[in-house]
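Shared chain: chain A. Partners: chain B in the first complex, chain C in the second.
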Partner chain A sequence: MSVRDTHISLGHGNGGRMMRELIEGLFLPALSNPQLDIGADAVPLPLPADRELVVTTDGFTVKPLEFPGGNIGSLAVHGTVNDIAVSGAVPRFLTLSVFLEEGLEIATLRRVIGALAAAAQDCGVAVVAGDTKVLGRGDCDGMYLAATGIGFRRRGTRLAMADVRAGDRILVSGPVGDHGAAVLLARQEFGLQGDLRSDSASVLPAAQALLRVPGLRFMRDPTRGGLATVAHELAGATGLTLSLSEERIPVNEAVQSVCELLGFDPLYLACEGRLVAVVAADAADQALHALRAVAPQAALIGQFTRGSAQVILDTAFGGQRALDELQDDPLPRIC
Partner chain B sequence: MSVRDTHISLGHGNGGRMMRELIEGLFLPALSNPQLDIGADAVPLPLPADRELVVTTDGFTVKPLEFPGGNIGSLAVHGTVNDIAVSGAVPRFLTLSVFLEEGLEIATLRRVIGALAAAAQDCGVAVVAGDTKVLGRGDCDGMYLAATGIGFRRRGTRLAMADVRAGDRILVSGPVGDHGAAVLLARQEFGLQGDLRSDSASVLPAAQALLRVPGLRFMRDPTRGGLATVAHELAGATGLTLSLSEERIPVNEAVQSVCELLGFDPLYLACEGRLVAVVAADAADQALHALRAVAPQAALIGQFTRGSAQVILDTAFGGQRALDELQDDPLPRIC
Partner chain C sequence: MRYIRGFRDGAAAAALSRRLVADADPGRQYHLMEFCGGHTHAIFRYGVQDLLPGNVHLVHGPGCPVCVLAVPRLDAAIELCLRPGITLVSYGDMLRVPGSRRRSLLKARAQGADVRMAYSALEGLDIAAAHPDRQVVFFAIGFETTTPATAHLILQAQRRGLTNFSVYCNHVVTPAAIQSILDSPEVREWGKVRVDGFIGPSHVSAVIGSGPYEFFAQEYRRPVVIAGFEPLDVLQAILMLVRQLNAGRASVENQFTRGVTRLGNRKAQNLVAEVFELRPQFEWRGLGELPYSGLRIKSRYSDFDAERRFDLTTHAVRENAACQCKAIIRGAKKPTDCALFGTTCTPRDPIGSCMVSAEGACAAYHQYRRGMAAAG
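This part shows the complex of A and B:
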């Protein structure tokens, strides 16, 4: 079965022949696996013993749909897999809900689903259920995705902000802001060109490496709102002051330059392949070592102290400034 | 924490303060449960022994957002719960991905999430993970939802189109086309008014009643594309001829009238609270009896015979006509 059309039309969303052609000619060849192929509305999944089920969901609306380092399809896989990975689980299954605009080029959809399938295979996850809705021209901007991830972790795994204590250290697995800066540049609204690439990738190897470190308290991937937003979530949830060292936070030079030119702060820009971890003070060196084995640019970037719930940046010039919580959206549709 | 604003703005999607207010002031009060309240990106779910996990996903783009008998929120719950129910499972958990248009009235969002929460409670499911994205004005028409449902069923439950045999009978749990006709009228494009209501509801009681009947082969809820589309899926998957009796298919009078006026066929209109079941011939009476205990208007409507893969309608006038597969979309954004 092949897709005879070159653009999406409303008929591709009606449940009938055109939709069947789209599913059989485009989605199934890319995503084929034993669960998806049963053609049922709900699929049974195998349950490993002594594991607990972990689930997450995310919407994806990135603009443009394709950018250096990925597209909305690979991003949906990485974003979902990473939420599962930072919970200490191994992602296994994805569900995928697709919103398409009438008139979307089917070649674009094919590239997106191809990248999604490749990323899913790399990450060891199978897309086990899907749904496609087609929206009239102007009711959607090309394509949006919603993905739900399902993974399994050792029963009784505990990683929670509530476990963070004064004295704990915070690490990041690599340079921050690459995804945000790359998407920004890909919009070509600024007349800038560069070789910036999104960091969109799985953080599962980094998360699994840290799980073996006793003293690991919490992990999160800094997506929307960037590192600064995760820092605020941690300060807010713990009631502690989180001090970050500006010098130690890795930022790629190209990202720094773009931010300076356009007036953005890389600490607020989304990453899609980085992990932030909190560990007990005496586990910090071991955690950094474990992380660097899979993420060479990982760094220890700060610590928690008693005080009010706030985030303080120790600047490169020896000063201090409060890192505010993000207010208005500086950069919509970044993920 | 209350939501200070009256309309959605891009800042409600940025991961920062406004988004936190929206989540804490609107989503959490409506959807509160132990899994959702942990504030993690991925949540652990309890696994019952001797059950298998069943998962499904669906997107919702219905226009208008609110219609007689429900809104996009209750529809998302019923649509997702029903896919789990017809797989022979009991739905337990939902994840919810929300796409909002900048400028959406927060009062509308509150009604939608309120109806979603009420429907979830009625159906015994908890919303355990969520995500919200805000799209610029014109990049979305009000609000879209994507929901993933997770349920559990007895290990080894088998309900598959592949098990359908010549001689098997087909039943429907109630009148068809109500949802499609009600949404159509709610659009007010036709200058028609009526007291039509969507049938949006859980089919779990009907599905559970049928599960106790030996000889049950397969169940599905006839949503997009209606009863005719499920009939085509069955004929296509089995290679059998499915004969439906026009007289026996229940259609509410108001639905029939609207269809006649506007040139639609109720067999192609979406239901959101009906179930189609296939049973062995010798189980047909027992199945109908079991179904009528929870769905009084349930009916035996046809049977499978050897022959080519097609759907034949035995008309009320004693004739026969082929029911074609749906081609173009007569009614986009019905669910």
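This part shows the complex of A and C:
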């Protein structure tokens, strides 16, 4: 069965023929897998022995829907998979809710679901349950996605901010701020053009590489609010001072340039394919080595010391400043 | 990238810092005011003060255009944008600034007002052309850096025959404000505050040149160095001021030779002179009424003057008595001397002018130094 319409209409969400056409003509061919049974209301999933279940859920409202380096479909997979990966688990299954605005081009939806399917295959996850809703024109901005991710990890895996100690080191797996800057430019509100790409990607290889390093304390993917926000969460949760070295934090040239022009700070811009990790001081070199095998631009960027709960940036200029918590988000909806 | 990193190079900074330590006379104290909020921001963002000898002190001046806009004038803009049929176009950093009774343009927008953020003043013209049924008003603020753009905007509006476009002019001039600081009783008579020299903003001088400072460098015996906004520019300007003070000189020097000349940009000056004239008095938030410190639209362009078109009036407001902004922007107090700082007055919910934009001294302290051992 194929989809004959060119645009989404309310009928595509009414449970009848048009909706069946959309599911059988667009979603199923892209996402087909043995577990995805559209006849069932719920799907049973196998739980391997000696593994525990890890679950996460996330909503995606990025504007524009498509941007250099990805679209809302690939972003939904990477965003969900990465939350599972940094918890020390291997992601296996996704569920997907799709909210469509009346008037959305079917061709756009096809590209989004195509990218979602390709990203899911790359990450080794299967979409095992899904739902589609259509909202009236103006009630939704093109398309929203909501995804739940399910993964498995070794029983007893412990990664927690509470385990971070004074002396521990912090690493980042690559340049920061690419996704935020790429989406910002893709909105074309500033009359700027450049070869920026979102870093949207799975961090599973990086997370798995670090899991083998004894002394790994904690991992997180710095999405909304960027590296600075993860740094603040860590300082707040541990009560320690986190000192970051501006010189060592990798930032792509194009991202730095856009930030200079528009008055943003790359440390507060979202990443969608990076990982921040905290390791014990004596494991820092080993962790960096392991990380660089899969993420060549990974860097050791700072350390925790006793003191008040705050984040200090040692500037490349030779001075210091407090890295404040993000106040008002200057960027609406970037993930 | 060398245009970004080159001017923030740590090794060059360390070398300048060593020269400063060698040149600064340990027997005296140097109090230097960076007039412009852009410099304040750069100083805090890069930690420039961490590279200064202990006897070189920076005093943060009033040169943040958002911070110095008088509350009654902001109130007038807020009241205007709430009128039916009005679209107000503003630079983004103005939107959160609190007027009286904690109102702001952002809150007015939430109530239904059509307030739009622009990166370029010219965006106002396109909005006016696209919405002939609405009265589009550009909320013009700023020092000499933004004034030529507003003048150009008015001339373009006239050329395009836009009858639904006007400008609410709040432009101010830099030299008048510096003179008011030098004339203030704290600086002139009481000897309470020392301002030994000024770091002048290069973007202002790219327009007006370095010449306009020569008068008070001589008259008030204070050296002025026009400096760029990169941290190395600021550090070099500080070194130049220290050397002038050591030599007993009070000249205008230009650190930013890559963009500033003595005479400035004549074309931009002519644009401004064509469209604007000085007001006899203008109110500044934190400094009060200053003579010949603000600009208004000349009568020949009155069709584009929102003050006349909408009969805008201002009403005096009472500011929070505990707020120390007046003393802070004259250098008489530090942000941390104010009881409101960081408690009831924060960047998220500012009370005084110095906290309202990232370039204000209090906001810079709050964002970049709060909690640090060596706050200052």
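We adopt the following convention: the second predicted complex is superposed on the first by the 334 of 335 C-alpha atoms of A that agree within 3 Å, B and C clash if a C-alpha of one lies under 4 Å from a C-alpha of the other, contacts with A are read in each partner's own complex, and residues count from 1 in each chain.
Just so we're on the same page, a residue touches a chain if its C-beta (ideal position, glycine included) is under 8 Å from a C-beta of that chain, and two chains touch if they have at least 3 such contacts.
Note that the structure is a prediction, hence the values are computed from the model and not measured.
**Q** When the two structures are overlaid on chain A, which partner does A:G136 contact: first (chain B), second (chain C), both, or neither?
**A** Once the two structures are laid over each other on A, A:G136 reaches chain B alone.
**Q** Could you look at A:F190 and tell me whether it touches chain B, chain C, both or neither (first, second, both, neither)?
**A** second
**Q** Answer with first, second, both or neither: which of chain B and chain C does A:E253 touch in the superposed model?
**A** second
**Q** If you count the residues of chain A that each partner touches, which comes out higher, chain B or chain C?
**A** Between chain B and chain C, B touches the greater number of residues in chain A.
**Q** In the overlay, answer first, second, both or neither for which of chain B and chain C A:P296 touches.
**A** Neither chain B nor chain C is touched by A:P296.
**Q** When the two structures are overlaid on chain A, which partner does A:S87 contact: first (chain B), second (chain C), both, or neither?
**A** The answer is first: A:S87 touches chain B but not chain C.
**Q** Just checking: does A:Q327 make contact with chain B only, chain C only, both, or neither of them? Give me first, second, both or neither.
**A** both
**Q** Across the two complexes, find the residues of chain A that touch chain B and also touch chain C.
**A** 327-328
**Q** Could you pull out which chain C residues touch chain A in their complex?
**A** 1, 4-5, 8-10, 13-14, 17, 44-51, 96, 119, 231-232, 347-348, 366-372, 374
**Q** What does chain B use to touch chain A in their complex?
**A** Residues of chain B touching chain A: 9-11, 13-18, 38-47, 52-61, 83-84, 86-87, 89, 93, 95-99, 128-136, 138-141, 144, 146, 148-151, 153, 157, 160-161, 220-221, 223-225, 229, 232-233, 237, 325-333.
**Q** Touching chain C in the complex: which residues of chain A?
**A** 190, 247, 253, 256-257, 260, 262, 308, 310, 312, 315-322, 324, 327-328
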